[in-house]
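Structure in structure tokens, see below.
Chain naming follows the written order as A, B, C, D and E, and within any one chain the residues start at number 1.
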Amino acid sequence: MLLAEVTGSLGSIGYGLAAIGPGVGIGIIFGNGVQAMARQPEATGLIRQNMLLGFALAEALALIGVVMPFVFGK
Amino acid sequence: MLLAEVTGSLGSIGYGLAAIGPGVGIGIIFGNGVQAMARQPEATGLIRQNMLLGFALAEALALIGVVMPFVFGK
Amino acid sequence: MLLAEVTGSLGSIGYGLAAIGPGVGIGIIFGNGVQAMARQPEATGLIRQNMLLGFALAEALALIGVVMPFVFGK
Amino acid sequence: MLLAEVTGSLGSIGYGLAAIGPGVGIGIIFGNGVQAMARQPEATGLIRQNMLLGFALAEALALIGVVMPFVFGK
Amino acid sequence: MLLAEVTGSLGSIGYGLAAIGPGVGIGIIFGNGVQAMARQPEATGLIRQNMLLGFALAEALALIGVVMPFVFGK
């Protein structure tokens, strides 16, 4: 008797969910960043520096989602 | 007889969900922040200070999501 | 015979869901706040005061999500 | 034989879902509110009064989500 | 032998999902409303009247979510 043949770990789903927010967020950061650069091209260095700061802080949320299944049991 | 071979803890899913909001929120903060910097480059210090304040308050929500499974049983 | 090896409490998922809204909301508050500061730097005190009021009211929703599993059974 | 070791009440998930909308909504109200204050600082009293009216009406949706599990069975 | 110890009614989840949309919608109504008031403070009465009309129509969706489980069987 074979019931559902579903395999895999909930860790994959957990990472997938954790990647939704930073994915949208990084898009908003760079989308507004290129708009800001077009408005003030001479401030490109300042804008790029803060864009990458925001990118790193948002990306960290997804990377924590990679290690969580090892913590909680994968 | 093989039933579903699903493993893992609901804690991974809980963290993943808790990371969606801050991920989008941090993106909105930095996206609007670089726009504000391009409009008023001389206010960069004031803007970055409040951006990082908002970042820390939003990030806290995701970090609470890391410890919740230890509270409720992982 | 192997059935699912899934562990954890639904409380973790409940908190994770409750954190999505405030996470996005806090981002919107601070994102618009830094925009407003760049437009009226002399109103920074007034803006920050109302930003933190909105932050506290939105954050409360996530913190209620922390205690709900204790009310409904974790 | 190991079945799932999942515990908790669906009420926690219900509250979590009910908190998403008000969390985002309160953020939109206060985000636009601080923008409006920066545009018309002399109308701060009127704006804050209507911000808090909107906050109370949105928050009510989450608080109904707290009592629903008691109505439907937690 | 350990089975899942999950309790609760799907009615709570149904209400939670029904509250997401109105929660965001009410936020958009009041957020744009206070912006409109700051632009035209003398039209406050007209704006508030229409804000509350929109609020009542959006709120109705969530309140229908309260009675649905009684219709479909809680």
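In this text, a residue touches a chain if its C-beta (ideal position, glycine included) is under 8 Å from a C-beta of that chain, and two chains touch if they have at least 3 such contacts.
Per UniProt, the chains are A, B, C, D, E = ATP synthase subunit c.
All figures in this text were calculated on a predicted structure; none of them were measured in a lab.
Enquirer: I need the common contact partners of chain B and chain D, sorted by label.
Expert: Expected: C.
Enquirer: Using only Cα atoms, superpose chain A on chain B and state the rotation angle in degrees, rounded to the nearest 5.
Expert: To map chain A onto chain B, rotate by about 35 degrees.
Enquirer: Please report how many Å separate the Cα centroid of chain C from that of chain E, as a whole number.
Expert: Whole-Å distance between the two chain centres: 18.
Enquirer: When the centre of a chain is set as the mean of its C-alpha atoms, what distance in Å lies between chain D and chain E?
Expert: Averaging C-alpha atoms per chain gives centres 9 Å apart.
Enquirer: Just how far, in Å, is the C-alpha centre of chain E from the one of chain A?
Expert: Chain A and chain E have C-alpha centres separated by 29 Å.
Enquirer: Two or more other chains touching the same residue: where does that happen in chain E?
Expert: In chain E, the residues touching two or more other chains are 6-8, 16, 23.
Enquirer: Counting only chain pairs that touch, give me the topology of the graph as line, ring, star, complete or other.
Expert: other
Enquirer: Let me make sure I understand the interfaces: which chain pairs count as touching?
Expert: Here the touching pairs of chains are A-B, A-C, B-C, B-D, C-D, C-E, D-E.
Enquirer: Mind listing the chain C positions that touch chain D in their complex?
Expert: Interface residues on chain C, with respect to chain D: 1-11, 13-18, 20-29, 31-33, 35-37, 39-40, 43, 46-47, 50-51, 53-55, 57-58, 61-62, 64-65, 68-69, 71-74.
Enquirer: Can you list the residues on chain D that touch chain B in the complex?
Expert: 6-8, 16, 23
Enquirer: Of all residues in chain C, which touch chain E in the complex?
Expert: Those in contact with chain E are residues 10, 17, 21, 72-73.
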